[in-house]
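Chains: A, B and C, in written order; residue numbering restarts at 1 for each.
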Amino acid sequence: MGSVGGEYRLKGIAKELLTYKSGVFGIAFLVVLISLSVYTIIAIPYGGAIDLWRGEGNVWIENPRNAQPYWVNYFGPNLPETIKRDSHQTGAGTVKVLIPIPQTNLKMLRIGFSFDYVYDAFPSEINIFFSARFNESAPFLRIYWTKPGSTEIKLLDYITRTANDNFYLSIHPQVAANIDSYIAGIVGEKPLAPLPVEQALFAVEDQTIKSTTTAKPLKGTYKLVIDGTLFGEDSDLDARVVIYGRICGLAGTDHLRRDLTIALLWGTPIALSFGLTASLTISLLQLLIATVSGYYGGKIDSLIQRFTEGYMILPFLPFLILIATFYRLDIWILLTVIIVLSVFGGGVKSTRALVMQIKEYPYIEAARAYGASSKRIVLLYIIPKILPPIVPSLIGSVPGYVFLEAALSLLGLGDPYLPSWGKVIEDSYRGGALYKGYYYWVTEPALMLILTAFAFSFLGFALDKIVNPKLREI
Amino acid sequence: MTDNILEVRKLFLYYATRKGTVKAVDSVSFDLKKGETLALVGESGCGKSSMAKAVIRLLPRNIDKYDGEVLLEQQNIMEHDETTFRKDVRWKKISMAFQGAMNSLNPVLKVGYQVAEPLLIHEDMKKQEALEKSIESLRMVGIHESFMERYPFELSGGMKQRAVIAMALVTHPRILILDEPTSALDVITQANIMNLLKKLKNEMGLSYIFITHDIGLSSELADKVAVMYAGEVQEIAKAEAFYRKPTHPYSQKLMASVPTLRTDKKPEFIPGAPPSLISPPTGCRFHPRCPSAFDRCSKENPPAFDLGSGHYVKCWWYEQSGEKNE
Amino acid sequence: MSEDEGFLSLENLKKWFELRKGLFSNPVHVRAVDGVSFDLKKGEAISLVGESGSGKTTLGKTILRLYEPTEGRITIKGKDITHLDPDDLMWYRRETSIVEQDPYGALPSFFTIHRILEEPLLIHKAGNREERIKRVHEVLEDVRLTPIEDFAPKYPHMLSGGQLQRVAIARALTLRPELVVADEPVSMLDASVRIEILTLLRELQERRRISFIYITHDLATTKYFSERLSIMYAGKIVESGRMLEVLRNPLHPYTQALLKAIPDPDPGNRKILRDVPAGEPPNLINPPPGCRFHPRCPYRMEVCVKDPPDIEQEGGHFVLCWLYGKK
């Protein structure tokens, strides 16, 4: 088959593409997308990505929820990063002292964390993760907080319940009550709408502490001290405190604390393969149908055309919803359903028109004169001729399918476990992103979709000009 | 005082395309006397249609060079701006009948209206008067008044061609450019159209520029013949001189390649193919195919040598016989 | 039957195309070929001259069974091929071939020249790979597209019109056909190339003794390329005979008009008006009754509304005209 080729050779096309601005942009964007896909597939293997995205095993627990991308800070606001201290690693800002009390079963524990807070906004959450070792009696702890230049606040008396306790400081009711008293002590009365714990612990201690709108973060050195009594010879306790910031990662995080870069990166090969597979399969199937219809004509043609017309009238979306109601749609089933619902579509009609034109070319008649059968003519003479004109629309319709997947996800019809751009948009929609001001959550996947659309549309336009001489600009 | 109605001096028309600059008209000069017919002959792609468009200034957007002098009744119309040109020259003094009359007519307008249209546009005439003149014009070309209300698809090929000629003549121009006016017509209809053109020339005192690739056909109207090759006029001569004794090797080969009905001469072919207008051969453009080419021909492009009586030829063989004409 | 007789024989051949004007109206017919009879000997070349709409192309293609005749009979080497099924015609496809008018459209643009020429061999399973390559080279040499390496691996868009037509001719010869129909083979080529191609065709035809039908509207090109000449008008052959005889002594008024209408390059032409009949060829849906030419004929008589007889003047010179009817 090396003898098949013709006016459209790959090198020649590539060179000509670069002479069009749209071609240059299209290829550039496409190269970006493909590089991202390749990098992603190598750097984060598929299985690992799915697991990460499912978030099993508390893998995201130390990420803040709905944090913006870290580079937002370059544009002005001084948003806090996540601060972590772990008593397993003593060092700067971490002190652990464990002293057994002689002649008793008891041990004295003191863990001290200190850190500097230099940001202009409050953290989003504070949690302490305890890992304790004990036999019968659980460690008894007292937790104290010290603001820069002021006195200690006793947060809580606490008895760990399990070997691995997650202590959600921000929502613990006892802590909240203590904080209320603390605020009342400063302001003079109990505030009506009390400040969230993580804000109260960092707020400047004056009247502004009264409400969220006025409170300001206090910069300086903070201390968190855990005094504890442990029971048993082998008992031990370690604590890990996480003061959650408001920025995290290259793309921010979502409501489940997941790093969005995973979804954005993995969305790329998913979008590309989905779009390309859908477009290619549908185009090729339509080509076959149209060729048979256009070349043989007569009753076959009428039959196929009437069938196609009926098919085109049927509503696409309600069918999809119907199917999704009864079957869980994973991405492959979705792809198959879309292909089946699109195959007798408009492309059949336009390609058929092309086939009917080509059928009249002299080389077809000459082929009949030297004895070529209809089958041979269709496969070897007509299809290679109509393939090039189909390529631009094949390429140009890829974004349509990518958008379709995203739109279906938004409607809740997509694959729930796949980290695709559509899924991110759906999450952001259900998480009220725009309402709550988490703009990055919406714009990032949207930008990826737009980039994809540009890549393929530009490429499609440029290819169209090459293949369709009439559209050429001289 | 000259009785030249048109003098073209060093006319250039280059197109800019993705593949390069197409030198369609590359320094062409000729004269046209009043009442004379100049036949512009050449093969496809030699630039003759571009020449016509250059004279009547119907240019596409991708022009690289458009230069030269075109003296219409001693006035240089190249200096006119587009508005003046449209008002005073195009269809007023110079008209054109295009190749493929089938496609020159607007299928959704009635024939009578279309023939009248130039009058409505150029002379601001009232519709009634314009239609009267349209009837007259159609009658002149042998189409009956009843066809005024018909649409182009109701006309035969020959009638469509006549209608196109009527449309070109309705403003009574001085010069009519005919670009392959009979290309899609059968031989007998072609002869009828030629008869018509001969009559009209005398009746209306027209001067023709007749563009064709058919040498036999050119002799039906030509008083003077200009042979075009690779964007240049290689030879201009009076009809008697040209058809009986062409001087340029290309003209000779062209004449020899015409299969004749009335003589027993066997036609010969010209080996090779016409050159690209983007990168024509260096030196004389015909030299790669010329049987008489010598050294100098591949190096220098000969100027047009004046052989007297308006006979010019671009060929080094005639350097001694003629004076250089720049 | 001797080799020289009756290679191809047409008897009252008709090809009508059906045209439906509306869903419920009766179909009308375009009578493209309306009763043509002639014989062609083996190795004989005939020029079929007519203008567009005369039916000459349809006749050529019907002879090749690219259309099925509406009426009449086509016999080749004694076999009646008029209504054979496509499956039964494969041997006929081997024996015949066509050279189309448009060199750019007649060759598939996505095959190399080599592959294009190989196709007929592949279809008819003629020879193994080496034999096919050998045949392709032979046929490229026949049409003088050498050196072969310069042409065989190229694609059609890399060749000029003249070269493409040579490839088309080569393709027509690959299977060593006995009958070739050339439909306006040079009308889309530059004037300077036409003679070259026609000369080549004639040479090949004579050398290989191929029966040849050369269809054209350009009467002037026929003189050197065939022994016989037939003139076609409105679906019928109005005159037929030896080439030089018909040209020197045209009998049919239409032939006479054709000859009068064609200009040779002569400076005197511009001073005379040509004496040709007015009007144009009739439409083939409702042709005039009787002689198709009579509405334009300067010699028309009353009897011309009846179908004229086909009269043989001496020596195989036939004319379809009442002027020569037996009184």
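Going forward, a contact is a pair of C-beta atoms (placed from the backbone, for glycine too) under 8 Å apart; a residue touches a chain by one contact, two chains touch by 3 or more.
The model shown is predicted, which means the values in this text are computed figures rather than measured ones.
S.K.: Greatest Cα-centroid separation from chain C: which chain?
M.R.: Of all the other chains, the one whose centre lies farthest from chain C is A.
S.K.: Have a look at A-C versus B-C and report the one with more C-beta pairs in contact.
M.R.: When the contacts at B-C and A-C are counted, B-C has more.
S.K.: Using mean CA coordinates as chain centres, what's the chain A-chain C distance in Å?
M.R.: Between these chains, centre-to-centre, one finds 69 Å.
S.K.: If you average the CA atoms of chain B and of chain C, how far apart do the two points sit, in angstrom?
M.R.: Centre-to-centre distance between chain B and chain C: 33 Å.
S.K.: Name, in rising order, each residue of chain A that touches chain C in their complex.
M.R.: 3-7, 361-363, 365-373, 376, 381, 384-385
S.K.: Quick one: which bits of chain C touch chain B in the complex? Just the residue numbers, please.
M.R.: Per the stated touch rule, the residues are 51-53, 160, 162, 190-196, 199, 217-221, 223-224, 247, 257-267, 269-270, 273-274, 276-278, 280-281.
S.K.: Could you list, by residue number, the parts of chain B that touch chain C in their complex?
M.R.: Chain B residues touching chain C: 37, 43-44, 156-158, 184, 186-192, 194-195, 198-199, 213-223, 239-240, 242-244, 253-255, 257-263, 266-271, 273-274.
S.K.: Would you mind writing out the residues of chain C in touch with chain A in their complex?
M.R.: 61, 64, 66, 89-90, 93-94, 96-98, 100-102, 105-112, 114-115, 119-120, 123-124, 155-157, 168, 171, 174-175
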